[in-house]
Structure formats: C-alpha cells, structure tokens
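Look for subunit A in each of the two complexes below; its partner is subunit B in the first and subunit C in the second.
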Partner chain A sequence: MTVKTPNGYSLDDSGRRVVVDPVTRIEGHMRCEVNLDDDNVIRNAVSTGTMWRGLEVILRGRDPRDAWAFTERICGVCTGTHALTSVRAVEDALGIAIPENANSIRNIMQLTLQVHDHLVHFYHLHALDWVDVVSALDADPRETSRLAQSISAWPLSSPGYFRDVQNRVKRFVESGQLGPFMNGYWGNPAYKLPPEANLLALTHYLEALDFQKEIVKIHTVYGGKNPHPNWLVGGVPCAINVDGTGAVGAVNMERLNLISSIIDRTIEFIDQVYVPDLIAIAGFYKDWTYGGGLSSQAVLSYGDIPEHANDDSAENQLLPRGAIINGRFDEIHDVDLRDPDEIQEFVDHAWFSYPDESRGLHPWDGITEPNFTLGPNTKGTRTRIEQIDERAKYSWIKAPRWRGHAMEVGPLARWTIGYAKGIPEFKEPVDKLLTDLGLPFDALFSTLGRTAARGLEASWAAHKLRHFQDKLMAAIAAGDTTTANVERWEPSTWPKRAKGVGTSEAPRGALGHWVVIDSGKIENYQAVVPTTWNGSPRDPAGNIGAFEAALLNTPVARADEPLEILRTLHSFDPCLACSTHVMGPGGEELTRVKVR
Partner chain B sequence: MASTETFYEVMRRQGISRRSFLKYCSLTAAALGLAPSYAGRIAEAMETKPRTPVLWLHGLECTCCTESFIRSAHPLVQDVVLSMISLDYDDTLMAAAGHQAEAILEEIRERYRGNYILAVEGNPPLAQDGMSCIIGGRPFLDQLQEVAADCKAVIAWGSCASWGCVQAARPNPTRATPVHEVIRDKPVIKVPGCPPIAEVMTGVITYMLAFDRLPPLDRQGRPLMFYGQRIHDKCYRRPHFDAGQFVESWDDEGARKGYCLYKMGCKGPTTYNACSTVRWNDGVSFPIQSGHGCIGCSERDFWDKDSFYEHVTDTHVFGIEANADRVGLAAAGTVGAAIGAHAVASALHRTKQRDQAQHEEREE
Partner chain C sequence: MSAPAAPPRTLLLGIGNLLWADEGFGVRVVEHIARHYRFGPEVRLLDGGTQGIYLVDQVRWAELLVIFDAVDYGLAPGTLKLVEGEAVPRFLGARKMSLHQTGFQEVLALAALLGDLPERMLLVGVQPAELEDFGGSLTPGVRAMIEPAVAAARDWLAPHGVEWTALAQPSEPGALADLPHGALALGRYEQERPSVEQACRSGDARVLERLRED
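Take a look at the complex of A and B:
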C-alpha cells in the first residue's frame, strides 16, 4: 500500500521487509526496518529507538547544581555537551552571569568535543561504510604513497610506512581472528574505492585512533578527565593562577602551553588528514547521491559558541541559529525555545502515553509515561519482535516538531543555515568543496553532503579553538583571571520558583534542556536532543522523521547486506542514549522510592 | 578456518626477538613480585594461546566506557585490538550489523566455549519486560545471559555494569540492574568508574591475558591493584587537608593555590579509585587537580549520596594549620581502620580463588 506523507514522501510497505537490529557503530541501541521493491530500492523505512533510561524523572527533587553531572551521563560519546546545556539552563533560571573567561573555556571544551567527536565518527564509526578493509590488502603501497602525497603534506606518507601498516593488517587477517572486522561486508559492490585509497583510509583509521586521545586532553586540563569532565554552575571549576604562589595547583603557564600545543596538532591533523581523506573518498562516490531526506526541506539549529559571555542573541553565536522549512532557503526563521507553539513533542507513535495523543506538548509542559505496547501487525511476540508495526507505537524516541514540521539537525543543518545566511566562513568552504569535487549545490543534500559538512565543521572548530585560547590568553595578560561567579551559589539566594532553558549545538545537532526549579530543587527537567529530532518516529499527521526520509529511494546492492542503510544512518551519527532518555512529570507514577 | 595466532607470535612479528620476549616475561613476573619460575609459565602461555576473544556487550549505558577504553595510552588501544585480544563483538566499533553481528556471538560461543571473556558495558533493565533495552528484537537481558553461559569470566566495565549507575539512581524507573545480580555462576570483575580510567581498563584486561588468571579482588569484586586505596590517600592536595588549608569558595585564593577541595564536597575521602595516582588521559590531570572535587563516580550509588557539593560527613574536618599534628594522627587512624577492614574482606575473598591461593603460598 502506498501512502503519501504530509511532508512529501511516498511510503510503500508492500515489498520485501529487511530488518537491521542491532544497528552498530552508533551510540546506544537502534533498529531499522525497510521495505525493498523488486529492484531492491527502499520504499518504506522504519527507525526504532530501542533503549530508554528515564533520566529526567531521576533528576526530580535534586539540587540543580548537580544536574550537569546527571545529564552529562546521558551520553559518553558527546561527553560534556549535555553538562554545558544543563549549566546554561540552570543559570538562565537563576539569573546567573558567568565570567568572560568561563565562556572562553566552555567554548574551548565544546569545540574540543566537536573536533574529537567528528574525527572519531568519520574514521571509526562511518569509514567502514565507504572503505573496504580487505581490499586494502591488495593495494600497492607505492600507489597509496603517491595518492597520499598528492592530496596532503602530512609527513607519514612513504611507501614503506604504508607497507608496514598493510603487513600488520595482513597478518592480523591471516591470524583468522578478525576482531571488529569480522563478518563485515567486504567485497560488496557498493564499495567504490580502489585498493590504494582503501589502504590510505585504513592507515588513517589507525592513526586517528591514536590521535583522538590527544585532543581530549584539553578536557582533562580544564575538566579533570575525559570522558565526562567536570563543570560548574556559575563558571568553570578550574582556577587560573599563572604567576602567584601555588600556581602549580591551577591552570598555569605549563597547562596553557599544553593546551596550545594540542590545538596546533589538532588543526594539523584535521586539515592534513581528515579533510583531505574526506575529499578523496568523496571523489569516488560522487555518483552515490542518495540520502538527502529532510536536509533540503527542513533544518533547524539553535546556534552555539557565544563570542561573548551572557549574550543569548543570535548575532552573538558563532554557529548560526535559525530554522528553514519547505525548502525555502531565502527565508530563515527565528527560533524561540520558550514559545509553547514552536517546539512540541508527540508520542502517538512512541512508547509513551499522553492523555490526548493527537496533540504535541512543549517541553516545559511535557507529560511522559512509558507505555511499551506493540501494534496488531507486529510479527513475533512482545519480547521477540521479528517485525515492528509502524502504524502503532514503535520507538522509545518521541517525535519533536518545530511548528509542526519534522526537522533535520546536525552539521549539515548548521552549515546549510550558515550558507543561507551568507556567512563567509560557512559559505566559502562549501563552495570550495563543491568546486573541487565538480558537484552542483544540490549535491550537498545527501548522505555524502552530511558527512562532508561534518568534516568542514571539524576544521572550523579546530581553528575556533585557537581563537578562544588566544582570547583567554589575552584576558589573562590584561589581568583578568576570574573563572567563576559565586554570588548565587547558595540556594538561599535563589528565587522560590524559576524556569530556565539552555541550548547548545551538540556534534549531532540542536540540543535543549528545560528546567523548572522550586524551593531549591528540580521540579521538572526536560531535554530534547539531536537524535530525538533526526531519529523521530511518525507524528499524528503522518510526517516521517529525518532518518526515515533519508533512507527512502536508495537502491541496495545486496538485500542481505545492509551497507547502504548503515551508510545513510551513520551519516547522522545517531546517538540513541541521548534520544531515548526522555521522561517527564507523568513519571512519578513509577516512583517506588520517595525522592527527597 | 585460518590458524589462530598466539600472543608470542604477535610479539615476534612485531620485531621482538625470542630473547627479548623471555626477558619481558621475567621482568613482568618480577614487577608483580612473582617467583622467577613464573616467567616460564608466562612465556608458555603466551606462546601457545590464541588471542583471547572478547565479546563486549552494551546494555543501558552512555558508551563512556568504550570512549574511555579507546583513550588508552599504554598500551595503545590499536595494539590491544590488533595484537592482544580479539575484540570480536563490540557494537560501537564492529563492522557488521544486524544478523551478521548476532551470528558472531553464536560462532564465538561455539568455537571458544569457556575460553572467551564477556565484557559488559551498561546493565540490563528488568522493568517493561526488559524491553527498555532491546537487541535483535529481544530484551538485552536475554543476550547477556546467553553469552555469559559459556564465558570464562565477566568484566563489568564501569559503574553501570558494576553498580547500576545513573539510570539506577532513585527511583530507577527501568529497574536497571547491575550485572552480578543477573549472572551468578561466573566470576564478575567489577571495574567501576563513570567511566573507569582508560589505563585501568587496559591494565585489568592485559593482566588477565598475561597471567592467565583473574586479578585479586576486594570483597566487592574490584581489582585490588587499582581500587585498593582511596583517592584521598594518595591525593597530592592531601597535605593541605592535613594542614587545614581549604578552598572555601569557587575561584577563591585557596582555589588558585590548589588547596584541599574537601569543603567544596570532594568525595576523595570515601572513594576507592586510582585517579590520584594513575590520573586521567595519559596522566594529564584528574578532577581534583583541575579544581573540582571528586564526585565519587566509582562508588556504589554515588548518585544518591546527597549533593556533590555537600561535604562528606564521615571524615572529620580540621580547622587550622596549628592542629596539623593532631590532624595527622587522627587521619592516619581513620585510614588505618579503613584499610584494615578492606584487607580482611579481601583476604576472605581470595581464599575462594585457587590461583590466587597459590600465589599467596609463594609469597609466604
């Protein structure tokens, strides 16, 4: 049966059903089902979030100054971004201004996450969708060397270097124990890279694995550890002392030099390894234009990386804020997170209950109650699902909508909005990339475009690290070493009741936290996260979300090998622990232990 | 089936001579205080063993444990994955998905019955029929128990698998349950922390490979070598605690001088972990060094022990530097009692483990 969705997609569930569960190389747990027509083209797509943790009900009754630590544990991959969003929400509620240095350090933390997360995503979560590891064993290392030297000045590029890596991988494969490469889709015709490019990418997979651990040392200096560095309502916990007694116990010259050197090496690695690899790989996949989905129609960004502290205006955000709907790139809408009519969540297709499921609710008014039920057309049993019934409830992810529209969020959304706003630092790299690859503007709206935007953003973020580290140094030179505002640290200084909202642009997209504080404790806490937007199930009107839209009309080379499905889903960098934690005021009915 | 490669063969092809290999075995034995004859046993094990398969399952979690693991600086994680273990299943890193991924679990269970390690990140929820964590259309609990049935030992990575962690904090809406409560017939090694330190994770796993036995554990199932002492015991700011020099407010003079964070809620005095010695991310720093108190993330139910900024009440506070002598004595007494209790409990646990009993005989 063919159905037309209000947001313009045709769904036909008559063909052969293919199930992918678990979807791997993501954060958390996810299932995907598609229907293929006789030509193995995807005509219906169903994305299911398969985990739920209920963090928001756990937050009720707790000290709002602690919320960052709880919400940080929503996700250990995009570690820190929930913590940042949380302290912003609490500061917004309590009217706390932060010092300029705290803003710089927070931006450095957030940009460090962006760079690290994008790098690890590209090489370790996404690359194997494009790179055939086994084919790399057939490469001539001299050809790989020639290729490497033609695209980058990165010094590790001799034939002997690539031969050593190839030998190591060869012996690994010959051992018969393939580890993480076991049962991969090697030899699938959807792989297009020649052997020498596969060897180059595989080599950089290993180099990036070594290098990624260096980037996060920035978190370790300012936040004490990574994953899950420490944050503070009112500023940052690290004090600065560059020249007085006890300087070794704080951020001092040695620490600042360490950060500075990591930033330099990060810029080098991103610009000389990641971005050239991305362009080289993209060059072999120019014909694979699938996976655009909502990206050319409806995209959303809250904006982030405030240049100055305590200024929430769109103009102050270095990552752009705005919404584009109906494919109208000439009209960028403002986004108001406090307006009850803008952001709403629906649950008629999610495993939660509302009193009236035809309506959506703003996060401040959100009701959530788990309700795991399966539709009548489910195949299998309640605890052994063979095929899901997407006409009924089918996911632990709610369906957020902006003014009723399903939206795509993430690097491609940010870069599209930046481009549409005509901001040179977004427009110029996009134009250059498209020119270098000989592709038209529309090519951006694809799986490959999403992956490319992430690479451009990694480079942008690496250079912005330098900007904020320099800004911090200039402030210290001018005598400002303040990192925390403690005027309203004590709960006795707080209003009896307060509401706040905090936002950030997480690596995967727009992230918002809404908090209600009453008598010094959290009364309600809600988070709407990037993968809730992208991985959203259907809504009462029948609109499909970004994952489902992006999968439609993609041909699959081998129906029993989900390579193309993984490729497009991975281009969103799904984060399921983030998307499926949501639980609101209704949850207290589950409470067995009294929350203090 | 291609032949499997031993640890020794791996080292040889990485250019390590047999002579160096044997020397490595002797040094490793010596470093751990073992008799010289142990070097031969280590060498033999390394020469004859294929890389041990590790099946790394994910339940309700945030993936911070995997993220931490890949930060390991010594050994590098690429060496762990390519040369030391065979990481045959880890949904965060593996190439395969769907039924090709699930088939790996079957194959390893069959081929390495009783000889693979089950590593668990996260935990199974028991509410909602276990369906708030679904893998392959079924509850994660089913997958966990099936894979556990034929494993040699279980490593419970992080505080989720060890204790329940954040999703098990009050009121635990999914009934998230730590691994040892659902797997009762296998040794479970708890490596708590949110996440654990990377080098502690690789340290635990390489210990098991190098010595072919489980590390000695305390009463709660944690490796003594990394969780035997409190952060406070080895904290570089400890002299300021003893001297009564405290941070009183964020970013105050004390904070800038690196004074003790006890009054800001630091849980170092009640937290067993290696942060103040091994430190984080190749030894760069740890929370206290970067100005925030320890939140106690490796301790059971640390989420439910009041605010992170309330100071712990079971450690006496001492006001001023003049009391340093008295402070030192009292503090030593507290520590001594804690370690004493710890040691007795650990000893009881050890007697249950044959390999470790042998080890103790040699030491005596």
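Take a look at the complex of A and C:
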C-alpha cells in the first residue's frame, strides 16, 4: 500500500522487509526496518529507538546546581555538551549572568568537543562505511604515497610509511583480532575506493586515533579533569592565575601555552588530514547521491558559540540559529524555545501516554509516562518483535516538531542555515568544496553532504578555538581573570519558583534542556536531544522524521548486507543514549539482519 | 646488586554507568579506592564512566591494567570473578549490556592495533543483579563485593611492587580529581534520589517486561 506523507514522501510497505537490529557503531540502541521493492530500492523506512528515556526520573527533587553532573553521565559521547546545556538552563531560570572569560572558556570547551567528536566520528564510526579495510591490505603503498602527496602537504606520506602501516594492520588481522574491523561488509560492491585510497584512509584512521588524545587535553585543563570535566552554574570552575607555578588548582601561563599549542596542531591535523581525506573519498562517490531526506526541506538550529556573554540574540551566535521549512531558503525563521506553539513533542507513535495524543506538548509541560503497546500488525511476540507495526506506537523516542514540521538537525542543518543567511565563513567553504568536486549545489543535500558539512565544521571549529583562546589571553593580559559569578549561588537568593531553558548545538545537532525549579529543587526536567529530532517516529499528521526520510529511495546492493542503510544512519552521528533508555539486554555483538 | 627496577605503570580503571544501578560497580570501586588509599606517581586511578575511544590513550600508557566492571558472566548475581590476560577481551565483548560507546573490548583492540596493549591485564568483574533501575544505585549483593574487588586487585598487584598507602581517615567524596562529582558520590547519590512518588519509575517494570519474559 502506498501512502503519501504531508511532508512529501511516498511510503510503500508492500516489498520485502529488512530488519537491522541493533544498528552498530552508534551510541545507544536502535533498530531499523525497511521495505525493498523488486529492484532492491528502499520504499518504506521505520526507525525505532529501543530504549526508554527519563532524565526526570533521576533529577526531580535534586539541587539544580548539580544537574549538569548527572546529565554528563547520560552517555559516553556528549558529556560536556549536556553539562553546558544544563548550566545554561539553570542560569536562565535564576537570572544569572556569567563573566566574559567564562563565555570564552565554555566556547573553547564546546568547540573542542565539536572538533574531537567530528574527527572520531569520521574516522572511527563512519569511515568504514566507505572504506574497505580488506582492500587496503592489497594496496600498493607507492600508489598511496602518490595519492597522499597529491592531496595534502601532510608530511607522513612516504611509501615506506604506508607499507609499515599496512604490515601492522595485516599482522593484526592475521592474528585473528579483528576488533574494530569485525562487523564490516568487506568486498560489498557498494565500496568504490581503489585499494590505494583505502590504505590512505586506514592509515589516517590510526593517526586520528593517536592524535585525538591531544585534543581532549583542552578539557582536562579547563575542566580540571577528563573524562567528566567539571562545570559550574555561574561560570567555569577553573581559576586563572598567570603567575602560578604549581600543577594544582589554577590555570597558569604554562597551561595556557599548552592549549595554544594544541589548538595549532589541531588546526593542522583537521586541515591537512581530515578535510583532504574527506574530499578525496567523496570524489569516488560522486554518483552516490542518496540520503538527503529532510535536509533540503526542513532544518533547524538553535545556534551556539555566543561571541559575547549573556546575549541570546541570533546575531550573537557564531553557529547560526534559525529554521527553514518547505525548502524555502529565502526565508529563515527565528526560533523561540519558550514559545509553547513552536517546539512540541508528540507521542501517538511513541511508547508514551498523553491525555490527548492528537496534540503535542511543549517541554516545560512535558509528560513522560511510558506506555509500551504494539500495533495489530506486529509480527512476533512482545518480547521478540520480528516486524514492528509502524501504524501504531513503535519507538521509545518522542516526535518533536517545530510548528508542526519534522526537522533535521546537525552539521548539515547548521551549514545550510549559515549558507542561506549568506554568512561568508559558511558559504565560501561550501562553494569551494562543491567546485573542487565539480558538483551542483543540490548535491549538498545527501548522505555525503551531511558527512562533508561535519568535516567543514570541524575545520571551522578548530579555527574558532584559536579565536576564543586569543580573546581569553587578551582579557587576561588586560588584567581580567574573573571566571565565575557566585552572587546568586545560595538558594536563599533565588525566587521560589522559576523556569529556564538552556540550548547548545551538540556535535550531532540542536540540544535543549528545560528545567522547572521550585523551592530550590528541580521540579521538572526535560531534554530534547538531537537524535530525538532526527530519529523521531511519525506524528499524528503522518509526517516522517529525518532518518526515515533519508533512507527512502536508496538502492541497496545486497539486501542481507545493510551497508547503505548504515551509511546514511551513521551520517547523522546518531546518539540514542540520552534520547532513549534501555529496553532489553541487547547489544549482541553482531547485527541481526533479517530479510523477509 | 643492581638498583630495583622502577615500579610498573599501573592503571586502576572503573568502567560503567553509575546512573544504572549495578552498572556503576566499576566506578564505585575506584571511588572507594580513591577515598581510602594513596599511591605513588606510577599508579593512576580512573573513573572511566562509559567513555570509549577516550580511554584508549590511558590504556596505552599502562603496563599493568586492572579493570573493574559489571560483567554478565551468566553466574549468580553478586558473584565476583577474575579473568586474566588474553581472556579479558572475550568477557568484555560478549553480550555487552552497557552503553559504552565503543565496547571496552574495542578499546583494547585499538590499543593493540597501535601496538600498546598493557603487558598484564586483570578484569575484576561482578555479576550484576539489576541494570534497568535508571537513577538507582548498587544492589546490596553487588555493593558487598566492592571491598573483595579491591582485595583481589591488591593481591594480583602485590608481586609487582605496587604500594597501597591506607589513609587514616577516608577523604571527602568529591575532593579528588579522579572521583565522580560530589553530587554523584555514593552517599549523596542515594540519599537525594527522588522517591517513586516523586518521579514515576513505573516505566521500568514495563520496559523490563521483555527481559523478564526472556
């Protein structure tokens, strides 16, 4: 049966059903089902978060000044960005202004996370969807060297260097420790890189693994520790004392210089390794134009990286804020997170109950009442679902909508909005990338476009690290070492009742925390996370979310090897740990793929 | 007589999510050690949480690695079991129950790929009783295994000259960099947990239906 969705997609569930559960190389637990037509093209897609979420279950009644420490533990990926969003929500509720230096340091923390997360995502979670490791073992290292020297000035590029890496990986694979390469569909015809490019990417997989440890040292300095850096309502918890010499406590000149040096090396690595690799790999996949989904129609960003402290205007956000709907790039709407008519979450297709499920609820009024029921067309049992019934409730992820529209969030959304606003630092790199690859503008709206936007953003973020570090150093040189405002630290200075919202642009997209405080304690806490937007199920009107839209109309080379499905889902950098909560033991090492 | 060799670089690493009941075992063991002992510079204590790739560098640094974790051995809840050497990754990979972004098995594989796997490894694992109680703490049987887990690590490390200096008074929770934030320290975490009436946890039972029927 073919159904037309209000947001413009045709869904046909008559073909063979393929079930991928769990989707691997992501954070959290997710299941995906698609229907293939006779030509192995995806005609219906169903994305299910297989865990239940419930931050309010742990935070209600706790001290709002501590909330960040809990949100930082929700998952292993977005730690700092949740903490930042949480302190912003509490400061918003209590009317706390932060010092300019705290704003600079928070931006450095957030940009560090962006760079680190994008780099690790590209090489360690996504590259193997494009790069065939087994083919890399057959490459001629001299060809790889030629390729490397033709795309970048990065010095590690001799034939001997690539031969050493190749031998090291060969020994590793021959010893039977497949490790990170265990779940690959090696030899699948959807892999298009020649062996020498596969070896180049594999080599940089290892270099990036080694280099990423340098980037996170920035978190250790400004956050006091890593993993789980410290945050503070009212500012940042690191004191600055340029004359200090001890290793303990305040950030001194030696630490500030260390950060400066890491930033320089990070810029070098991103611009000489990551971005050239991205362009080289994309060049072999120019014909693979699938996966655009909502990106050309409806995108959303809350904006982040405020140039100045305590200014929430759209103009002050270096990562742009805005919403584009109906593919109208000439009209960018501002976004108000407090307006009860803008952001609403629906649950008629999610395993939750509302008194009236035809309507959505703003997060301040959010209800999280679980209700696990399965539709009449479900195949299998409640405990072992063989095929989900997407006409009924089918996910532990709620369906957030902006003014009723399903939206894509993430790097491609941010860059599309920046481009549409005509901001040169977004527009120029995109135009250059497309020109270098000889691709039209519309090519941006694809799985590869999403992956490319992430790479451009990593470079943008690395250079912005330089900007805020310089700004901080200039302030310190001028005698301003203030990093926290503790005037309203004591609950006795707070209003009896207050509510606030904090936002950030996490690496994978728009993140919002809404908090209600009563008598000094948290009364309600709701988080709408990026993967809630992208992985959302259908809504009462029948609109499909970003994952489902992106999978449609993609041809699959081999039905029992869901390489193309993983490719597109991974391009969103999904993170379900905080959008959902665990449902079952799950986590079997090998993905179960069922074709019916 | 030659001078005694420098003590080996030793990492005591707790992994798991402390918001998920017994999944917090590894982190709680490290918290206990941090509050009660001091070490020389060759020993690092780390609350690894659910970090994946971030931990690769810490593992590469270590010559001796002790991992504390909740592990599904298929044994009775609360059973402590030690696994050594090459067998360690197998137990960290099978039926992974945690949210570790990169399974810890993969962290070890990546360290091996970079040629820096620790020379000796010990996994001190406890069989969890409860994993689905979001916001909950260790169950009594698992909590009782914290001190035996510490003793097992001490015994294993003893031949390698790792010195444990016991503190006369346990240090304040949250006072040390390698501990969870004060609000997450075991005592406050448990005392300040919202009650069932305050924060509906009834979802857990329904969510658990699948587990129980399995």
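Here, the second predicted complex is superposed on the first by the 570 of 596 C-alpha atoms of A that agree within 3 Å, B and C clash if a C-alpha of one lies under 4 Å from a C-alpha of the other, contacts with A are read in each partner's own complex, and residues count from 1 in each chain.
Note that in this section a residue touches a chain if its C-beta (ideal position, glycine included) is under 8 Å from a C-beta of that chain, and two chains touch if they have at least 3 such contacts.
What you see is a predicted model; the values in this text were computed from it and never measured.
**Q** With both structures lined up on subunit A, is it a clash or a fit for subunit B and subunit C?
**A** clash
**Q** In the superposed arrangement, does A:R382 touch subunit B (first), subunit C (second), both or neither?
**A** both
**Q** Answer with first, second, both or neither: which of subunit B and subunit C does A:V19 touch in the superposed model?
**A** In the superposition, A:V19 touches subunit B alone.
**Q** Once chain A of both complexes is superposed, is A:G438 in touch with subunit B (first), subunit C (second), both, or neither?
**A** So A:G438 meets neither subunit B nor subunit C here.
**Q** With the two complexes superposed on chain A, say which partner A:K225 touches: subunit B (first), subunit C (second), both, or neither.
**A** It touches subunit B and subunit C both.
**Q** Kindly classify A:G479 by the partners it touches after superposition: subunit B alone (first), subunit C alone (second), both, or neither?
**A** It touches nothing on subunit B or subunit C.
**Q** Where does A:D210 make contact in the superposed view: on subunit B (first), on subunit C (second), on both, or on neither?
**A** It touches subunit B and subunit C both.
**Q** So, A:E369: does it touch subunit B (first), subunit C (second), both, or neither?
**A** It touches subunit C, and subunit B stays clear.
**Q** Which of the two partners, first being subunit B and second being subunit C, lies in contact with A:R73: first, second, both, or neither?
**A** both
**Q** Intersection of subunit A residues contacting subunit B with those contacting subunit C?
**A** 27-28, 52, 54, 57-58, 62-63, 66, 69-70, 73-77, 79, 120, 124, 168-169, 172, 177-180, 206, 209-210, 212-213, 216, 224-228, 230, 370, 372, 382-383, 577, 583, 587
**Q** Which stretch or stretches of subunit A touch subunit C in the complex?
**A** The contact residues of subunit A facing subunit C are 27-28, 52, 54, 56-63, 66, 69-70, 72-77, 79, 120, 124, 168-169, 172, 177-180, 206, 209-210, 212-213, 216, 224-228, 230, 368-372, 381-383, 577, 581-589.
**Q** Show me the residue ranges of subunit C that touch subunit A in the complex, using the header's touch definition.
**A** Residues 17-20, 47-57, 72, 93-103, 105-106, 108-110, 112-115, 131-132, 134-135, 177-178, 180-184, 192-195, 198-203, 206-207, 209-211, 213-214.
**Q** So in the complex, the part of subunit B that touches subunit A is made up of which residues?
**A** 1-5, 10, 13, 50-51, 53, 58, 60-68, 70-73, 76-78, 81-82, 85-88, 90-98, 100-104, 125, 127-140, 142, 165-167, 169-174, 176, 194-195, 198, 237, 249-251, 255-259, 275, 280-282, 284-292, 295, 297, 303, 307-309
**Q** Residues of subunit A touching subunit B in their complex?
**A** 19-29, 31, 50-55, 57-58, 62-63, 65-66, 69-70, 73-77, 79, 120, 124-125, 128, 133, 168-169, 171-172, 174-185, 206, 209-210, 212-213, 216-217, 219-230, 232, 234-235, 237-241, 244-250, 258, 370, 372, 380, 382-386, 396, 481-484, 486, 489, 561-562, 566, 577, 583, 587, 590-593, 595
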